[in-house]
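There are two complexes below, and they share chain A, which is joined by chain B in the first and by chain C in the second.
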Partner chain A sequence: MATVQVSEAEKVYILHGIRDDLRVDGRGCEDYRHMEIETDVVSNTDGSAKVTLGDTAVLVGVKADIGKPRPMVPNEGYVEFFVDCSANATPEFEGRGGEELGTELSNTLYKVFNNKHSMDLKSLCISAGEHCWVLYVDVLLLQCDGNLYDAISVAIKAALFNTKIPRVHISADEEGGKEIELSDDPYDCVRLNVENVPCIVTLCKVGHRHVVDATLQEKACSVASLIISVTHKGTITCTRKVGGGSLDPESIFEMTEAGKRVGKALHAPLMKLLQQEESLGKARQKVGFLG
Partner chain B sequence: MAGLELLSDQGYRLDGRKATELRKVQARMGVFAQADGSAYLEQGNTKALAVVYGPHEVRGARSRIRHDRAVINCQYSMATFSTAERKRRPHGDRKSTEMSLHLKQTFEAAVMTQLYPRSQIDIYVKILQSDGGNYSVCVNAATLAVIDAGIPMRDYVCACTVGFVDETPLADLCYAEESGGVSSLALALLPRGGQIALLQMDARLHQDHLEALIEAAMTACKGVSKVLDQVVRQHLQEASVASAE
Partner chain C sequence: MRGHGTYVDEEKLTASVAGEVQRVDKLICVKPLKTRFNGEVGDVVVGRITEVQQKRWKVETNSRLDSVLLLSSVNLPGGELRRRSAEDELTMREYLQEGDLISAEVQSVFSDGALSLHTRSLKYGKLGQGVLVQLSPSLIKRQKTHFHNLPCGASMILGNNGFVWLYPTPEQQEEEAGGFYTSLEPVSVSDREVISRLRNCLLALAAHKVLLFDTSVLYCYECSVHHQVKDILKPEVMEEIVMLTQQKLLEQEG
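Coming up: the complex of A and B.
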C-alpha cells in the first residue's frame, strides 16, 4: 500500500486520540469516511461501479463471457477476479510495482467468495458441462488512501448489482450440436442476486483499541489488522490477519464482534442506495469523473 | 465494400458526424487530490485518466539523471475492461510500450524540461474505455494533467487521429472506422506555432493525399486546443472563486 511517513509525536497523538474514541478527522472508532458510489460508469462492460471512500478511489468493471465450466462443478459458472493497482495511485506501482499488492488483493477476494452462498453460481450455468457464464470482475485501483478492501468489496457488490447478463437461448443446429444465441434486445437480460455478497471490513489495531476504515496515517500507527468479510445476515465468510504485529486471541474476538456489527450495518443502506439509483432509470444524470 | 459504409453519399459517417466534425469533448482537471496533477477527458466514447507526479527526484536508476533537464517518464495502460474483448494484461505488451514511448516523445517536445535539471516528471495515462483515437485522447488528457500540476509547457499539446476514405479526410476516428481498414494518421500539434510534436502513420496512403491529410489533422487539433483552453480557464475560474470564499 502507498506508505506515508509518520513521526513519533504524531503516532502518540493518534494513539491517544483513538484511546478516547476521537480520531484525527473527528470520527468515532467505528465510523466510515464519506463514501460515494456510482454504477454504470463504463459502458463497455456488463456492469460497473465507482466507489470513492475518502481519498481512496476504486473502479470495478464486470464482463460476462461464455466459457467451459470447471470439471469438478459442471453445472456452475465461475467468477474470476483481477486487481490492477495502477500507477495513478502512486509512482511505486509503475510497471510491475503494483503486481504484488494486486495479487494479494485478488487472492483475498477469491477466498472471500469461495463459498456456496455468496454468489448463486448455478444461475450462471447455460448447459451443464459445456457452457457457462464466466464473470470477469476487474478492479482498478485509482487512488490509495487506506482501507482498500472495504472500498473494493463495496464496489464489487455495486458492480454485480448493476451487471446485466444477456439472456441465452440454446437451440440444436443441423449437426446435432448445440448453438447458443444471445438475445438481441439489450433490455432482455438476467440480473444477479447480490443479497448474499459479503462486504469486507478492515479493523486496525491501534494501541489497545481497534478502528474501522483507517487512513494511511492510522495504518502507520497500527501493528496489525484483521480483515473480515461479513454478509448481510452477519455470517463471516473469511477472516484474515495482516500486518507484522501480533494480536492476542481476546482482541481478535473483540474485533470480530465489532467487524460483524459494522459489516451487518453496511449492507442495508447500501442495497437501498443501489435500488434507489436503479429506480431513477433514464432520468439519472451520469456523473462519473466529470462531477 | 459491403456492410458498414464509413462515409455515406450525403457525407455522413457511421455515428452521424460530418467528415471534419470532432466527437464531443468533456474534461475535468484536478480529479485526484493525492497526485500533483490529474485530469479526466472524454472524447466521444473514449475515456482517459491522466495523472502527473513531479517534478521530483529521479527514482530507480541513477544513470537516468540528466544534468541539464528533467527526465519525462510516461506509462500508457488500458483498463482490462476498456475494450470490447477483455484485455488480459493492462500494460507491458508491445503496443502499450510503444504508446508510452510516443507519449514521452510528445511531451519532451512541449514541457520546458530545462527548468528542472536532475529531476523526473511522471505522466501516467489510463484508458478506461476505448473507442478509437486512444493516443490522441491520452495526449489531450495528459496536457490537462500537466497544466494541473503546474509544470510549464511551451504550448498546449493537442492530438487527433485522422483517416482517409473516398478522397475525404475524416477527423477524429472512432473504433469502427479505425478497424474498418482506413489509413489512419495520428498527429500531435503545438497549435500556436503550428509545430508538430509527433506524426505517426502505419498504413498505405498515396503521397498526393498526405498533405491534405496533415492539413485536416492540424485543423482538427486546433479545434481540440480551443476546447482544452476553455476547460483550463473554467477550472481556474472555479478554483479562484473557491479560494476567494
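Coming up: the complex of A and C.
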C-alpha cells in the first residue's frame, strides 16, 4: 500500500481534528470526498466504469466468457476478480511490488461479491451443469490516495450495472448435442440485476473515533480499519478487519452501525446517477481520461 | 534563439513542454507548469526529513535529488555562538527525525543540482502542528517574503518548492529552544476551520493554475466564505470561487 510520511505534530493535528469532527479537508467524520463516476469507458469490455474519489482513481472492466459451472453449484455462474496495481499509481508498485496488495484486494472482493446474496448468479447460468457465464472483473488502480476498497466497490457496481451480456440461444442438433448460438445484434443483450450488489465502506479507527473515506495521511494515523460491505437495504454481507492494531468490541459495534448508515446512504444516489447516465444513451459526451 | 523547454522543428521554434513563455530579448524559454523544483540560492523551501546521516539530514524538497541540511547549518539550542561537539552528532535525531517537516532556505546549489539548505535564522526550523499542501512549484510567485500572517487568522509559508505550510498563527514569538520544541496543545476548532478553508482554497487555485501569493490566496479565502469548507473542492463551486478571485485580482491591478 502506498504510504506517506507524517510527522508527529501533523499526526497530533489530524487526531485532534477528527476528535472535533473537523478533518483537515473540512469534512466531517462520515463524509466522502468528491466522487466522479463514468461508465462505458473501455470499448472492448462488456461493461466498464471509472471512478475517482478525491485523488484515488480506479478503472474496472467486466468481460463475460462462457465456461463450465462449478460442480458444487451446477446452476450458477461465477465471478472472478483480478486487481492490477499499476506503477502509475505509485512507484512502490513497480515490478512485483503491487502483487501482494493486488491479491489481498481481489481475495476480499471475491468474498464480498461472489455469493448468491450479493449477485444473481443464477441468471448467469446458460444450461445447468454444462455452460454458464463467467464474469471476469478486472480492476486497475490508476492512482492511490487512500480508501481503495470503497472506490473499487463503487466502480464494480457501476461496471456490473453497465455490463451487457449477449443473449444466447440453445438449439439441439440431430445427435442430441446442444449448440450455443450467440446473438449477433449488439442490442440483443441481458443486463444484470445489480440491486443487491453491496458497496464497501471502510472505517478507519483514528484515536477514539472512526472516519469514513480516509486519506493516506489519515490512514497513517490509524491503527486498524474495518471493511464492511453493505447492501442498499442496509444488510451487512461481509466484514473484515485490516491493519495491525486491535479494535475493542464496543468500537466494532459503533463502526458497524456507522458503516450501515453510510453504506445505505451511498447506494441511492449511486443508482440514481447510473440510471441517469444510462438514460442519456448514445448522446452522452464521454469524458474519458483526459477530462 | 532557442532556450530551455523549446526545440527547432522544421525551422520553427516549438515548445517541448506545456507552460509559460518567457522572453529575454531574443531568447525564448518555456517554463513548464508541471515540474520538479529547480532551486536557487535564497529560495524558501518547506521539506520533509527522509534520512538522518553523519553530520547531515537528507530532506525531500520536491527537487530531482534529495537536499541536504548540514548539522553545521542549523541553529542548535544555546544560541549562535555554540560550538558543535561530537555529542551533537550523536543526538541529531533528537532535533530532527525522519518524517519531520522543516522550513529552510537554499544556501547553495551543488554541481549536480542537489540543494544545500540552512536554517540559521529564527524564522526557519522545525514545523509544528499544521497542514502541508503539495502543489506545483511553478505556481508559487516569487516574492520578498514567503512567510505570511494572514488576517483571516492563520499563517502560511509559501515554499518556493511548491510545498505550502498552513499553521495557526503563533501567539508569542519563537521560544528559546531554538525552534526544535513543538507545542502539541490542541488547536482550536475556529483556527482549524480557517486552515482547512485555506487548504481547500489553495487546491482550488492550483487546480485552475492561478499564481499563488498572499493576495490571491486571501481573495480566494474571502470569495469562499459563503460556502462550507468541504464544498470548496466540488468542481462547480471551485470554478465559481476561482472566477471571483480572478476578477478581484484584475480589479486590484487595473
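One rule holds in what follows: the second predicted complex is superposed on the first by the 288 of 291 C-alpha atoms of A that agree within 3 Å, B and C clash if a C-alpha of one lies under 4 Å from a C-alpha of the other, contacts with A are read in each partner's own complex, and residues count from 1 in each chain.
Here, a residue touches a chain if its C-beta (ideal position, glycine included) is under 8 Å from a C-beta of that chain, and two chains touch if they have at least 3 such contacts.
Given the structure is predicted, the values throughout are model-derived calculations rather than measurements.
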Partner chain(s) touched by A:H34 [first = chain B, second = chain C, both, neither]: second
Which of chain B and chain C A:D25 touches, first, second, both or neither: second
Touching partner for A:E100 - first (chain B), second (chain C), both, neither: neither
Chain B versus chain C as contact partner of A:V12, first or second or both or neither: second
Contacts of A:E257 with chain B and chain C, given as first, second, both or neither: neither
First (chain B), second (chain C), both or neither touched by A:A87: first
Touched partner set for A:E181, first chain B, second chain C, both or neither: neither
Comparing the two partners chain B and chain C, which touches a greater set of residues in chain A: B
List of chain A residues in touch with chain C within their complex: 5-10, 12-13, 16-17, 19-20, 22-28, 31, 33-34
In the complex with chain A, residue positions of chain C that touch it: 48, 50, 98-101, 127-132, 182, 184, 186-187, 189, 192-193, 196-197, 199-200, 228-230, 232-235
Sites on chain B touched by chain A in the complex: 26, 28, 31-35, 38, 40, 42, 45, 47, 49, 51, 53, 59, 73, 75, 77, 79-84, 86, 90-92, 122, 124, 126, 128-130
List of chain A residues in touch with chain B within their complex: 42-45, 48, 55, 57, 59, 61-63, 65, 82, 84, 86-91, 94-96, 136, 138, 140, 142-145, 288-291
